[in-house]
């Protein structure tokens, strides 16, 4: 298939590379140059402007946040350049409000909108092992399924309203934040009672919580290894904010999200915005003054 | 080995049966009669009083809470009946304060105290597949290891201070409460946006959260099946309270525990004390008034 | 002084009337007609467009929220119509972000911006008894002081940065939300123990909490009188959101605001958006299931 | 009236002195000697044992907490020494559970129990200006009214069940904790936006929150003056715990209490247990990292 791809961050690079490996013809655009060179050597065509990638009728985008989506897709002219009947697959994690707005804008232009946020970190993107949560009209979903097969290990369709896929992704990230905060507090508690975080978390993540989310973040906490960040506090704070905003829109109180938000904000206030959000463990430890105890 | 076993609730029955199957000689005591009959048919000896089970020098207990432990072990004379050099293995989830008190009381009587709380529900107890978290002096741990092998799939030692095993169990149960509350809120959010809880939770529990805790409780939430309870709200409220108390003792703030406690208390106030604690999902749904929306 | 006045809601009507009473010449504009007729009979001039009120060089506005401020002041051309050296006094409670933006926009147009949010309910506005919190350049503050004297009992200056007055107002409204939630929970607790809310709150609001905020809202709670709303849940939710947003901008965690927000959202979800925000008491009572208890 | 008085702490000393000034004959007992000497010089009789003060048939006690009440009144024999028909007035802030237990113990001994916790700090006790919240049988309340008149400016009766007075006191202290936490967060927010805490709190405590609670604690926060403590974090943490326990007993969720508890625990973890509980302001400031910002 001929496709355009916009946004070659840590996730987008791996996805675009896997589309190429699967035999698709891929035209890419990115704000910065370096990733373009790498993709070019793997066979990608390079577009001069974001709008160019849309001309083929199928465009995928993997942008950082609402602002980037607005800047590139709307202001950058991608949506306007998409021919009637074209399809835009949006892999980004965006707010419910923007998801709804995008859905309406696509419909007004007679183009198809598929929301397809993914679960997985950069190494899973590189390995083509992402989980693709998607929603959109049935024909479009069928049309782009081969693209999902190239980047993911499994596709999870959620019906025809694209907003749903965005909500599911937001809710999933909120569950991740909760899992981290839960480990952060529990390991502060056990540490204060003389148990090494590594010992406690090993038990948990080998038994009841033997799942990728807990094992991955549990390991970071056990090793106090928060840099470089797989997913920084700054983005985690944004995403928990998206959950709260989605709760506002649908009038759903989310007390855990409120608490996780506060902890992430405390991490930000302490200057830790670029550390991995597993560093919520340091917030819990500081509230309990654990490091000062160890000194004495 | 000749052992005594006290407390034949849903968990204790399976554990005692597995001790018998493994070839140990087991003398049992229980407050009510029914479980005794079942164990007798499997080869157990029946004691007339709790104190009798202790005479052999090794006694295991699996009692419901602090009050039951005090009533049976202390007031019931089990501890006094244990001969010098004997060992008591306490499988119950008890408070940090009682754990410390028991540890001191055993030492004062020249008997050994092993704390060995278990993770796993009754079906895992019946299958001998529990996870045994244990702490106590090294010789005692070695001595009772064959008993742990009979009831569990794996033993997780945490050193010589028995209090640590109790803290780890309490912290683990707090993580369970957090996982449930997290799913409760996330599924209320997605449901309000038109996604069935079952659909959302299937994605989560097959991917990032593919772990027994999430799959087990996620299934209950997806099916709104809270009776009969595997673990009732009433006990969940008690256990989150134990976490907060353990936090008080060691001065560790636990904001998630505070929120989970409030949600469980709301479930109790609504008359749902005997429903499974997965019914936290109904509290989240009620706060968002979801059932009334569905009616309209 | 010749002044323009925009926004004749429950607060603005009283303020404009008091400006007239103090001998000022007042030209008013309002979206709806009814309040204009009333003010006209009191001697006000009526403008056809918002921009007209600005031509005299001094304009006061009392609009509902950020959206109304943007619609009328920016899109409606008021700011553009203000002559060089003119002064705009903004009495509305607006977000920190909009406050900063307005401050910059005024500076860019060589006009003066005074932020002057007020504390007080409509009856205090009618009586000229408001508390005016203000910030702006010193000359402008002196220039408009006679206007503040006409509408308020006291002026509280906070320096030259207009954003500060907005922050103080937002922080004050957050303290009000906290006071209400505190009474809501405390009266649910005492009620569950057999004490009438009225009896408990009378003690509190005649002693330690003998202040207007507690006495006013305490009375509403004691009498379960939430309609018509002096200040509705809907606006309270917005204002607590402004506090959280101000906290985000300056990286200040506000856990009480998070909890109050959740309670207000629960009130909204239950359909109570237009009731007075003192109805947080019904949320606390419902969580405790108090009404059902009374039935039994 | 001939009365016995037990517990000459900062509050009890002032109360006993006012009883003497009002012409009552007072026999006092206290654990430590110093306050006894002072009272003796004012005309008090000194008892050798706690039980001696009860022989006259009317005994008042002002002890620190549940443990002190148990130690002195129960184990110390005061209750047993009270003659049939005697009355015990308990001014202490105690748990709902102990209140209920005491009520039952008095009834079983045919003596009367009046719960009469007070609102007011030591200076108000010395001035005879306390607020006395009381509950007990009508005859007893009438009998001891002259004593309340000697120590307080006003009496607030709450019916015949003594537990109610204890609940009201606990709920009132929870409202104090909430007021402090609210000022702590609001002043951290305004400070981060460039407003001195003193300036912001002056506005609030002179207007909407012009009440003793806010003015007293607001002043401490504005001046960062937390030592010597009028009421230390340690006791505040205990009292918020009493509110949560009272909520457990009656199944009333108290989310604000949960958050205040966590903040007080964080203050304790930082070593600030003996500072005034107005130092919650330092917890809010630290979460926002405000002191480090000021350094840079």
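Letters A, B, C and D name the chains as they come in the text, with residue numbers starting at 1 for each one.
In this section, a residue touches a chain if its C-beta (ideal position, glycine included) is under 8 Å from a C-beta of that chain, and two chains touch if they have at least 3 such contacts.
This one's a predicted model, so the numbers in the text were calculated from it and none came from an experiment.
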Pair from A-B, B-D or A-D with over half of its contact pairs in common with B-C: A-D
Furthest chain, CA centroid comparison against chain D: A
Distance between chain centroids, defined by C-alpha means - chain A, chain D (Å): 52
Rounded Å distance between chain C and chain D, as computed from the means of their C-alpha atoms: 36
Distance from the mean Cα position of chain C to that of chain A, given in whole angstrom: 39
Overlap residues in chain C, where contacts from two or more other chains coincide: 247, 251-255, 259, 262-263, 266, 269, 287-289
Category of the chain touch graph - line, ring, star, complete, other: complete
Complex interface listing, chain A residues touching chain D: 255, 266, 269-271, 287-289
Residues of chain C defined as touching chain A within the complex: 241, 247-248, 251-255, 258-259, 261-263, 265-266, 268-269
Chain D residues touching chain C - in the complex, by the definition given at the top: 96, 119, 131, 133, 154, 156, 158-159, 161, 163-164, 167-168, 170-172, 174-176, 178-179, 181-183, 185-190, 192-195, 199-200, 202-204, 206-214, 243, 246-247, 250-257, 259, 262-263, 284, 287-290
